[in-house]
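A quick write-up on the structure given underneath.
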Amino acid sequence: MPERILLKAFGMLAEKMGTDTLEVKNPGSSEVLKQQLLAQFPELKDMTFRMALDRKLLQADTDISQGQEIALLPPFSGG
Amino acid sequence: MPERILLKAFGMLAEKMGTDTLEVKNPGSSEVLKQQLLAQFPELKDMTFRMALDRKLLQADTDISQGQEIALLPPFSGG
Amino acid sequence: MEKVRSPKNIFVQGPISAEKIAQSISNHSSKTDIGGHSIFLGQIRADEKPEGKVLAIAYTAYEDMALEKAVEIREEIFSKYPLTCMHIHHSLGEIKVGEICLFVFTSSKHRKAAMQACDELVERIKAELPIWGKEILDSSATQWKVNT
Amino acid sequence: MEKVRSPKNIFVQGPISAEKIAQSISNHSSKTDIGGHSIFLGQIRADEKPEGKVLAIAYTAYEDMALEKAVEIREEIFSKYPLTCMHIHHSLGEIKVGEICLFVFTSSKHRKAAMQACDELVERIKAELPIWGKEILDSSATQWKVNT
């Protein structure tokens, strides 16, 4: 049985994707996941966003293990 | 009749002089007035203070006219 | 031994009231080593946009990540400045024009530390906490806020 | 035409209450061009001196000169920073440890102006206003405060 991972989307990204949670097959790394998402949601291509793994911002391509929490974060605008 | 001027003293200066107002004969300039005060109140010699004329700090020796308000100001410590 | 801080909740549902701010100030009167408090308040502005005038901002956050990041920021600011206290409160939900959405409060023995820490905290909150504001306009359009 | 400002009273008899601060914040909720408020509060510290522990500070001022100078400082700060509002309140009389003796409040569209103006105001108030604090110690001695 392939690993499934849970994605969370926030702000404008969740709005564009039409959902704030998404369950996908674990593609193994954050960069592969990103390419998959851009293929599935072409509207993300025009948007700036970063990814977080287990609530830490990713700075580079990173392996994803089962049970980890992935999030898609548009530019912050608190305050 | 010689001109009289009114002096105001504040903070530690008023405490040392034993009064917060003093009427004196107008000596004509702030520097002469200062020397007169140091002679009359020797304890002022060890103290740092500035003078104000009509509520403006004096930067240099300044003529004093009748009716002007002279004040003796120890270092500020508000806030 | 390292002091372990559990993530303190910084989020408040709805606007931050002046009474809450007053209460927070009063709570510090027993801390007699404090000489200065620095407070920053963020208030919702009725900005005029091409699409309409801002009536409110609706805030959402990735709360777990924001709380973890807030702990990290707190610890870094505490180690950088000699502070007595530091408090961060950010609103979630819809906050109307004129209401307060951010309350940052630092206290120290001498004023400089509180002031510098407060400035730095506000900058870091805006740049590093995963919080998003959606502007609600009088044209009933909405628009995602962009921090500058 | 030059706007003539009559000296606004900055002095308050006794300590500044948290309720007064809350009221002042609330008064600004109708000013919908404000995005940020910066507040500084000075609180009396229980400093330990060789002669005893501070219980209170008794403030006196050359009020007429202080009010004239405060007008000058206000005008200079208003011309330097794009501020919406600026308020200064300083206590006179005896203020006990833990109580608030200085309340400086600036507001602006964007946060930087309010924060920088608030810092500069506090520095100028301490350096330029003819106000004196006499520390009342638990040994019942008194000692004139020195600003550092």
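Order of writing sets the labels: A, B, C and D. Residues in every chain begin at 1.
As a working rule, a residue touches a chain if its C-beta (ideal position, glycine included) is under 8 Å from a C-beta of that chain, and two chains touch if they have at least 3 such contacts.
Quick caveat: nothing in here was measured; it's all calculated off a predicted structure.
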| item | value |
| --- | --- |
| Target chain D, source chain A, minimum contact steps | 2 |
| Interchain centroid distance [CA atoms averaged], chain A/chain C, Å | 27 |
| Chain C and chain D, separation of their C-alpha mean positions in angstrom | 23 |
| For chain B paired with chain C, centre-to-centre distance based on mean C-alpha positions, whole Å | 49 |
| Whole-Å gap between the CA centroids of chain A and chain B | 74 |
| Two or more partner chains touched - positions in chain A | none |
| Residues of chain C touching at least two other chains | 42, 122 |
| Contact graph of the chains (line, ring, star, complete, other) | line |
| Interchain contacts (touch definition) - all pairs | A-C, B-D, C-D |
| Interface residues, chain D side, partner chain C - complex | 18-19, 21-23, 25-26, 28-46, 97-100, 107, 109-111, 114-115, 118-119, 122, 148 |
| In the complex, chain C residues that touch chain A | 42, 59-62, 64-65, 68-69, 90, 101-102, 122, 125-134, 144-147 |
| Residue ranges of chain B in contact with chain D within the complex | 8, 10-12, 15, 52, 55, 71, 73-79 |
